[in-house]
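These are the structures in question, set out in turn.
Here come two complexes built around chain A, the first alongside chain B, the second alongside chain C.
What follows is the complex of A and B.
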């Protein structure tokens, strides 16, 4: 006779969390996939079934494509900064110094701040009316560099990139610093004893040991850049001022789902859900590519 | 144990605990201290006896007064609306109103989110236009037939809340949009409100030459540019022309009407610095502080200017037409209040909505807030700006987004910031606007 298998005790402990996760995340997510196949404003009865019509429109939507391109620029700019400047900063902070503690705290502070607060800080700094950046430039004799940073379509997105970089840099630095802790000092010492220069020690000893940190940082960065919303929304507003120059996928999706922050808004909830699913797929693909590439690199290193 | 001389309490860990306890027991009970003790005990007993009665009375009041929720979209109106609600609660002691605010630009998104999540207030306020009709169709609000004195509402208000054979609510107020100007600045440079576009340009140039920022034109959310454009275009079209636009016999792409978009472009160099990154709220603050001389604004905005600068001294005029044969303003409704179909306090919510259009409530609106929606309520003599606004409002054209045919113009214009970045010229801008208009020959 076959013995009745009882669930292991840990299954019972997991059940409440799993039920909550299922009820408040899995089910609504699945529901959004279903609703994306309809024409529904988000208010009132669900409209007609239109199949993949919303998805087709997403790919034809110039505004969404332009916003997606802005996300790509944000990702590329932050990736460049993270893998160079942030890494350099982490190496500097890894050195033994009595200032290391305060510096670490200062560097990490932006990550503790809410993105909304960060957005307001940068908006105020760069404001054409009450900002301090332009008067500051004037005060130090660089008046010719004064600019309407957030009003000029050619600089507004880059002002947002700087704000995002300020915040992102904090987490990336901490991850790199954790990675640097894993570099065995005896390996460095052996390399130095063998006559390796500082650069060679870094290139052939430190950098390979940082491979897992690079994987984590770059995958998290992809998620950070493509999911950017709150900070961008505060600075550029729902219509991505000026003239859509600061729209990202997150703000477009929010605008379609809940309105663009104006008096009279027509919402397109089903369409926004389709956009959200596209964003999810894009993000999944990018994260998967990065993971595969960086994991392969990790294996080569070890 | 340590001994706190102030309280006489003994804390653990003190080495003096034995002494302290001995001292406590050695205290002698005198007659005076006994009397004091009795009085104190009596007082405490009375209080204890009174407490349940007090609690019962408060609970009874709480039990009988029903609290209903309501949202507003003008936080700057809070002092006046608090008085208005207090007046309502005074005459309706069994109803408490919890009024909270969602600022204008975020209002629709907040309401839509609340409706989707089943968390909308008992009294739902809709932005004029299609939203209330969509809400009625979706049965999110109840019909209030026979409960709202619609006959006492001005026709424009009635048109927004009475449709499909039913009455759904009442607006709190109406608003007229005109051009606000700083009177001290105009006086200082000997300027008068312009009556045609040539004068408008001359006034603008004169102010700029004097080092004054002529226009506050916050364009981050494109709300003020929207009103600027529809007023400029309305000043060309007039009432008949606007009707033609709705019916499809006129178009904003006509060469004559293109001038409205061109005017907005021509004035661009006279707008406040970095105007494309300045929000509506910040633009209003700039004007109220006297850092710009003119701003497109509604009658409802005046309260906000006063809040930013209590000494603000402004006047208002209608938008001049190109040739100067008329001034034009556009008029719309503030939130259209209705009763949430899911409310568990429908009778109380209905009472409040009906009361909003009463003469008493509307007189407060006329005197302190905006344009009244009840027939017969006029701003008091002390409300100069309110009176100027009423005078400026002739001829009056509906705000374009309030009409079904031109409702789409708001979305079209707010997404046409290219007019300020050089990506759109006047013709391209007008084409975008025209594409959003859905003419109806029967309009």
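What follows is the complex of A and C.
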């Protein structure tokens, strides 16, 4: 019966996806690892083989290190907010009420807006000319705090953190709310009948059931914070305006690969690929550590 | 949460003088002047068409190939199905910044740089990991009896897939379409790298470039930003539940 060797149907099912994925995902990924070993600007013939030279330079590169530090700050600031304020917000919104649906829809809205839209909104709010933050401070009697938020290197990164927080908060709240659905109401009722205070119910009933949601939220946050590019690029550009204060790893890689937007640009594509690989490894290590730590914690609290 | 969006919409109706005179106030009248000018001067008429073509084609291609591949991984006697599954889904964690440098080089090499086709190819590919993630899980959960009965009646794998499996899978397919479609419509990084000619710019990229040129025509910029967000927001308001369910399902597993 099966004398003729023809590809069986399952291969035809797989083929279109495998072909696209091979050509525009696997091939470029492998090419990146290979080209990162060369000294090549991206134009003309491929330069000389320098082994791990690019990687050595990445670790000594002051610009890349300062950008990586900005990623760390973004991650820590958002982690602090997520695990306190966002959680609190999710618990508030979890109460049974006809407003829960509409609230949830509003909370999630920032997540469906494009980074260009979000970046623009925050640039405008903080603008010294037409913004509403400075006039707002004036109106409540804090006029002395008025500031050129995005032009001052000491505040620009924090302005970006706030914009990222606005977008991130949307997803984190919804995941926490989904986690809260898993807390059996009988457990809470039983605790209350036994005379537990609100805090004790939260600490010993709600929190343990939320452990899986904590894991998901914090691992996703690591990916969000270390891969940040879009919003940061819209506000600070590839030069990390002002003066490199808003550079993150993603924008440094883009700037090295495609130029920083000035006319005398030189590109360093191989070097950018080495930086990209370092970012990938850093993210992988951080996500793995978080995952192991939080999974252990999950088992402990249950 | 909602205040920034309020100022954005309000600002899209204001004239430049009104921004200075009354930062919190309402505009004098709700005319559509800013919108009309944005449509032509920000070349939104071109970029919105490019975005629509690219998003539509990429959603269709990536969804179709993901459905086929997921079905073979989940239900057909495919050798190494776990390997294929991990290979596709693993794409979710690779940083786009890294891979786009090599894609730029490949597109320049095959002469597709600066065409809508290059965008469609890349988006179609990058949509596969999420498609496989959602659909393999769904197909595996379908009862085996359904497909076995069809096979016994003499249907080929493709007929079973089209007539039995597809009609039952509309909900997860819609999730994939929404998640990928919103991302493709909003993304500007891939066109930033590949759209090397102005006539193939997509909507977000066109607006980003417009900021630089018209940096003081705020009303105009506000209007173009609102226009770009309108289709997705309208879709979101119509289908809030499916959006949120899809986004949390996609992210929880990813």
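In this text, the second predicted complex is superposed on the first by the 283 of 302 C-alpha atoms of A that agree within 3 Å, B and C clash if a C-alpha of one lies under 4 Å from a C-alpha of the other, contacts with A are read in each partner's own complex, and residues count from 1 in each chain.
To be clear about the criterion, a residue touches a chain if its C-beta (ideal position, glycine included) is under 8 Å from a C-beta of that chain, and two chains touch if they have at least 3 such contacts.
Model, not experiment: these values are computed from the prediction.
Enquirer: For A:42, is the partner it touches chain B (first), chain C (second), both, or none of the two (neither)?
Expert: both
Enquirer: State whether chain B or chain C is in contact with more residues of chain A in the superposed arrangement.
Expert: C
Enquirer: Quick check on the superposed pair: does A:258 touch chain B, chain C, both, or neither? Answer first, second, both or neither.
Expert: Touch partners of A:258: chain B and chain C.
Enquirer: Regarding the shared-chain residue A:229, is it in contact with chain B (first), chain C (second), both, or neither?
Expert: second
Enquirer: When the two structures are overlaid on chain A, which partner does A:239 contact: first (chain B), second (chain C), both, or neither?
Expert: The answer is first: A:239 touches chain B but not chain C.
Enquirer: Return first, second, both or neither, reflecting whether A:286 touches chain B, chain C, both chains, or no partner chain.
Expert: The answer is neither, since A:286 touches no partner chain.
Enquirer: With the two complexes superposed on chain A, say which partner A:58 touches: chain B (first), chain C (second), both, or neither.
Expert: Neither partner.
Enquirer: Is A:248 in contact with chain B, with chain C, with both, or with neither (first, second, both, neither)?
Expert: neither
Enquirer: Touching A:128, do we find chain B (first), chain C (second), both, or neither?
Expert: first
Enquirer: Output check: A:221 vs chain B and chain C. Expected answer is one of first, second, both, neither. What do you get?
Expert: After superposition on chain A, A:221 lies in contact with neither partner.
Enquirer: Which parts of chain A are in contact with chain B and also with chain C?
Expert: In chain A, residues 42, 129, 254, 258, 269 are touched by chain B and also by chain C.
Enquirer: Taking the complex as given, what residues does chain C use to touch chain A?
Expert: Checking each residue of chain C against chain A gives 1-2, 4-5, 7-8, 11, 19-20, 23-24, 61, 64-66, 68-69, 71-73, 76-78, 84, 87-88, 91, 93-106, 121-122, 124-126, 128, 132, 156-158, 161, 182, 185-189, 192-193, 204, 207-208, 211, 218, 221-222, 225, 228-229, 232-233, 236-237, 240, 243-244, 247-248, 251-252, 254.
Enquirer: For chain A, which residues count as touching chain C in their complex?
Expert: 8-11, 13-14, 16-18, 20-21, 23-29, 31-32, 35, 42, 101, 104-117, 120-122, 124-125, 129-132, 135-136, 166, 169, 171, 174-175, 178, 216, 220, 223, 227, 229-230, 233-234, 249-250, 253-254, 257-258, 269, 272-273, 276-277, 279-280, 283-284, 287
Enquirer: Quick check on the complex: what are the chain B residues that touch chain A?
Expert: Against chain A, chain B makes touches at 104-109, 112-113, 115-116, 127, 129-131, 134-135, 137-140, 219-223, 272-279, 282, 286, 291, 401, 407, 410-411, 414-415, 417-418, 420-421, 423.
Enquirer: Can you list the residues on chain A that touch chain B in the complex?
Expert: 41-45, 63, 126-129, 148-151, 153, 156, 237-239, 241-245, 254, 258-267, 269
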